[in-house]
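Structures incoming, each one as structure tokens.
Paired with subunit B in one complex and with subunit C in the other, subunit A is shared by the two complexes that follow.
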Partner chain A sequence: MATHDNTEHVSDATDEAVGWESKLRYFLNSDFVRSAPYWGIPFVLMSIAVYGGIGYNFAISFTDYEGLGTPDYSTLDLEMYAQALSSDAFIAAAQNNLVLLVGFTTICLVLGLFLAILLDHGIRFSEKFQTVYLLPMSLSFVVTAQLWLWMFNVESGILNLVVTTLGFNPVDWLGNPSIALGAVIFALIWQFSGYTMVVYLAGLQSIPDDQFEAARVDGASITRTYLRIIVPQLKEASVSAAVVLMVFALKAFTFLYALVGRYRPPNGTDILATLMVRRAFKFGEWAYSAAIATMLLIMALGVIGPYLYYQYKQGSL
Partner chain B sequence: MVEHDSSDESVNRRKYLKALTVGAAAGIAGCTGGGGTETESTESGNGNGSGGSTDDTETSGSSSGGSWDSQLEVLHGWAGGDGEAAVTALIEAFEEEHPEMDTNFQAVGASANVNLNATILRRLANNNPMSSFANWPGKNLERYSGALMDLEADVWDAEGFKDTMQARAVELCKFNDQMPAVPIGSHRMNNLFYNTAVFEEAGIDASSLDSVDALLDALEAIDQNTDVTPMAQAMVAPWTNLQLWAQILTSQSGVEAYTNFIEGNPDRAAVVEALEALKTINENYITADASSISFTTAGQKVISGNAATIHQGNWVYGMFRADDSFNYKEQWDWIPFPGTEGIYFYHVDSIVAPSNNPSREETIAWQKFVGTKEAQIAFNNPKGSVPLRTDIDPSELTDFLAMTYEDLTDSEAYPPTIAHGLAVTPKTMGACKTAFGDNFMGPFKVEATADALIAAVSE
Partner chain C sequence: MSQSSSTGSFDVASLVEDVNLRRVAQYALVVFFLGFFLVPLETGIMTAIKTNESVARSLPFAPPVGEGFTLGNIQFALEQLSGSFFNSLIMSIPATIGSVLFGSMAAYGLTMVNWRAQMGMLMLFVVGVFVPYQAVLVPLARFWNNIFPLARMLEPMVASIPFFQGYHAELVPLVITHIAYGIPICTILFRSYYQSLPNSLVEAGKIDGASITKIYRRVILPISKPMFGVVFIYQFTQIYNEFLFAFTLVTGSDAPAAPVTLVLPAIGASTSGIDFGIRMSAAFLAAVPTLILYVAFAEQFAKGLRTEA
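Right, the complex of A and B next:
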């Protein structure tokens, strides 16, 4: 950015002035400044698009901005936050978000680890299974949501075909508020357990065979070998997979929106993101939505923060 | 792009972004030594095709009627099926009338205008208005309060629409002493469509259905005597329950009870009674997959003979008609919703113009066209709705629509629909939908729904 050079040479400069000038010249010739055009432009664009947006959202959330006017910055307060925290809809959405976050991430990790261990045992067609498990991950939420809408259909869905064949009553997967969230989590797990599997598989394959052999020689059972020796070495993989999954859980908006094609998801599956979009774009409650957005951001940071700290402690940051 | 540059003073998101962009552009330009034309790029997205940067000078002498200077940009939500056919017919007729005008008609999503309304709201909030957009008139316009253009003198008076449009449509197009909308068509809400073969099999005489109780008996008879599900209902969204409930309330307790409800004086007993009847229907007589299907899928169930009846606005007529083997008076027939005979439950689609209009002259010409006989006939026949002009020859409409049109001009009462923006403000409508969404999607909680509905209109 600062490419201008100080071309004015002061002829009768003192030692001090020369020192200052050469310092500046050193600075301008440093790697930091000379590389600036390369990292600087993306940095500026990023700042505007992401951090500028966050900043503006933050500012709006303190106003009472609503409808089609312009925000009034003269009275800034936390009213919108208080209003959100005392609203049942917000609490319910936050709870659903938390359940989604914890349930989805945990089950995905456990299932992915299980699949990875199976595949790591060199079963036949393991590459093909790997592809089968991973494929859903490559589909867009829009596709998987429509697919699961059909699967969950009470009358003609394949899930109820199974349920009724087993002799149970058909289940209203998405219509019953007490199981709708479970159904959504189930669909998301279907889509993302393949991803955790791949992450774990990479981790498993990087563990040398010697360790399995040594454990066997020492007489450890397979379960014991995995629990005591192998799984503890997958901590890195677990942490990074968990972070990615949690971020996806916070972004489940896309899935829910594609499921019903509107901002109100099936009863019992309202999350903060859907609530926020609904308040903003159906009713123009910009300030209120901005407050929800800020709290959603804080939740996301709550997930990412410990990870970054962990990475920092490990020395990889 | 011409007139609204200096209208507001305080910071909004567009200005903020523009400032940042300009700052960044200047910074980059400073680095690279390039020219200063980058700032133009933020505006060029809606240029009119005749060259980006000279727009401002071109539009200065724009009063001559023959040539148009700006692009007409119209947003609507008719992205598929009958709606798409209707709007295409409308656009073709308009382009024939004004072949030299540069137009840009955009269909924004489907799904009950969710995307359309969000897009309009966002663009108006960003002070980036379009020429006009499709929306419901009436209380629905509250959403765009303060950002609407007054068409009263330029369109309504100039074309004499106040005399040729239905009086209540004229009233609905008034908002805050302005007339920002021109109605394009009306759907009737109090319908019961039925599959004639199923009714015959169950031994039901449709003309004898004159009350909600009679309807419940008929549904029970269908349930007992046939393998067909008595009623198709779509509950993927709560508005279908809300509109069906409004029909039941009106049928059981009269138009006055409904009017009192939307005006904020609800009678709790009547509200509860209607909810009880709706609960009976939803628990016993609708398809089991109701909670995951939309109204188009529900309508298909009537066509395929898997369901006997459906209550919907008569947009399902547009859908029935698209199926050549499913004909009016043969495979399907219609009665007014039981107990609402002589009532035309009122729904209006209109074309609304925002203020700060980017193409004032073009917008006026377009809005004038929307109100013409030609436009109303072209649009409404494929759409399954009826024109709001009082001077249409019914023979220009299809049989079913001609009948509906006669009811439109000659009914005893015209209660405005609650689920489609006319009766209550968008906020109240949202609260009513939430009342059903939270409490009445199964399990059906009558008392909780009644409380929420009453709270919604009493605020």
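Right, the complex of A and C next:
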């Protein structure tokens, strides 16, 4: 950067003999250079890890690298992507992932909004309740997976206790492939709805109280006030919470792994993240799993990209 | 309240009744969700302190009675986990300090000092928060195992430190990985705080002729103490609870350097099934450090989550 500045300004140095020197000095004294150690060191470390990692992963995904040894970069092609897109396991995982993403995100948003409105007005010790509702978020997925494994237990789990008390037959929550994904979504909602509640509460508290008063004076019912006046103002909170939840749903691996303690999650709950990790670390199919990971990344960027653009346009970055 | 009674003064009685009914329903729902969030935890604790016989015979959420009570499960789980607790803490604490410090520095450089192209760089940090880590797992494994086997290089050195064993060297790449991937979120959290600070703080320092470093050390660091609390608690919880990086770099629940989260999914399991008394005890012990932090600093934790969105 500095040397580039030199050569550019040498030509008009005839007018001011020390022109480029003072410009260089000015440049070196500028805030950009002087603040460089602050943002520079973290930026380099982060870039190598995140963007270097992504690039390397991208490169590996074009090879046929598997097992031990080193990747061979002489023949690069899209074979792994084609192989993934035509495999049943990949399609099934992508479908499950979509169900997880839509179901989990929607219910979390709705339940979180409901909890936020519930606690927003007229509840004593509302903060204490918030603390309890948010508590699952402070636990590791590994821990919550164990708790829910016990809840879902066929013989002595609470859920089957409820089901049999109501007069139905016990359900094999995690063993039945058509229910397992729903059960997993339910457990993840338990963990995350406190989070959406906190985001919505922050949004609700930024809405001035006189809007509630005005609606009340106009004779609007509470439900109407919320539906017509308050909820539309929570758009921003909804969007940012939805982005966080969707990205999580794409990469959710830990909970599924920890439920069973092995690479293959319960039947019917295999998602792209679990498929990718299994292919890589169980079977050593590095290139194949790198291709899946790249597609996962593209999907995540598909969620984040529009969001960042929207935020940037709003000037809220 | 006073306003509503004055506007509808002719029908106060029915209004009060209506409000009370709604209140009751509202509290009933609040209590219902209290149960919803607490039942899995309560059941887990009760199961942890029951004997196997009592687990099989009593309701899962009922407390143990008489002979059914035992601390044996917790004791057994503690023995199994003690080594991995140590691993988790010596990994999480330096990783948290590192990423929080770097995050604060980066946020300072990106917020308080003005220069062009800041926005572009900020975007790279923000995207770094959301990147699915699956997209870097294969490179990470290759980098730390084949290209730069730091753990193997450091092993003899780490073995010579008191209280440490050679295998603890495996945690060094994990710490560096956590620091690097923790920087983006810490930067974003600090940036939102620094943005809320008045510009005059830095301007005043500049007019006094203070250097950028001096302004950071004398002005920014002291006033960002509360934010350091928030980010530290948030980040420690994240790193302590994290599983995927540990799984990739340390591999296997039987590895001596495995952190708690890696060991937990395998505890109490045998060919005859899972011993839930032991498993629940282990789950609680594993959660204790973050639970203590959460109970003590719930507000800071919530603030971290709010700012993330």
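Just so it is clear, the second predicted complex is superposed on the first by the 297 of 317 C-alpha atoms of A that agree within 3 Å, B and C clash if a C-alpha of one lies under 4 Å from a C-alpha of the other, contacts with A are read in each partner's own complex, and residues count from 1 in each chain.
Note that contacts are C-beta pairs under 8 Å (C-beta built on N, C-alpha and C of every residue); 3 or more make two chains touch, one makes a residue touch a chain.
Being a predicted model, the structure only gives us computed values, none of them experimental.
For the composite obtained by superposing both complexes on subunit A, the positions of subunit B and subunit C are in clash.
By the touch criterion defined above, A:A258 lies against subunit C but remains apart from subunit B after alignment on the C-alpha atoms of chain A.
Once the two complexes are laid over each other on the shared chain, residue contacts for A:S86 go to neither subunit B nor subunit C. Which of subunit B and subunit C touches more residues of subunit A is settled by the count: it is C.
Contacts of A:N169 after superposition: neither subunit B nor subunit C is touched.
By the touch criterion stated above, A:T223 is placed in contact with neither subunit B nor subunit C.
Once the two complexes are laid over each other on the shared chain, residue contacts for A:N153 go to subunit B and to subunit C alike.
Look at A:Y56: by the touch rule set out above, it reaches both subunit B and subunit C.
Judged by the touch definition given at the top, the superposed model places A:S316 against neither subunit B nor subunit C. Once the two complexes are overlaid on the shared chain, A:Y38 sits against subunit C while remaining clear of subunit B.
When the two complexes are overlaid on their common chain A, residue A:W286 makes contact with subunit B and with subunit C alike.
Annotation: subunit A residues 37, 41, 45, 48, 52, 56, 70, 149, 153, 156-157, 260-261, 281, 286 touch subunit B in one complex and subunit C in the other. Of all residues in subunit B, only 8, 10-13, 16-17, 20-21, 24, 27-28, 30-31, 110-112, 114, 117-118, 121-122, 124-125, 143-147, 235-238, 287-294, 426-427, 430, 433-434, 437-438, 441-442 touch subunit A in the complex they form.
Those residues of subunit A lying in contact with subunit C across their complex are 30-32, 34-43, 45-54, 56-57, 60, 70, 115, 118-119, 122-123, 129-151, 153, 156-158, 161, 190, 194-195, 198-199, 202, 213, 216-217, 222, 237, 240-241, 243-244, 247, 250-251, 253-254, 257-258, 260-261, 272-273, 276-277, 280-281, 286, 289-290, 292-294, 296-297, 300-301, 303-304, 308, 312, 317.
Residues 3-4, 7, 22-23, 26-27, 29-30, 33-34, 36-41, 43-44, 47, 55-56, 59-61, 102-103, 105-106, 108-110, 113-116, 119, 121-128, 130-143, 146, 177, 179-181, 183-184, 187, 211-212, 216, 237, 240-244, 247-248, 251, 253, 261, 264-266, 269, 274, 276, 279-280, 282-283, 286-287, 290-291, 293-294, 298, 301-302, 305-306, 308-309 of subunit C are the ones that touch subunit A when the two sit in their complex. Contact residues on subunit A toward subunit B in their complex (touch as defined above): 1, 3, 37, 41, 44-45, 48, 52, 56, 67-73, 149, 152-157, 170, 172-177, 260-264, 266-267, 281-284, 286.
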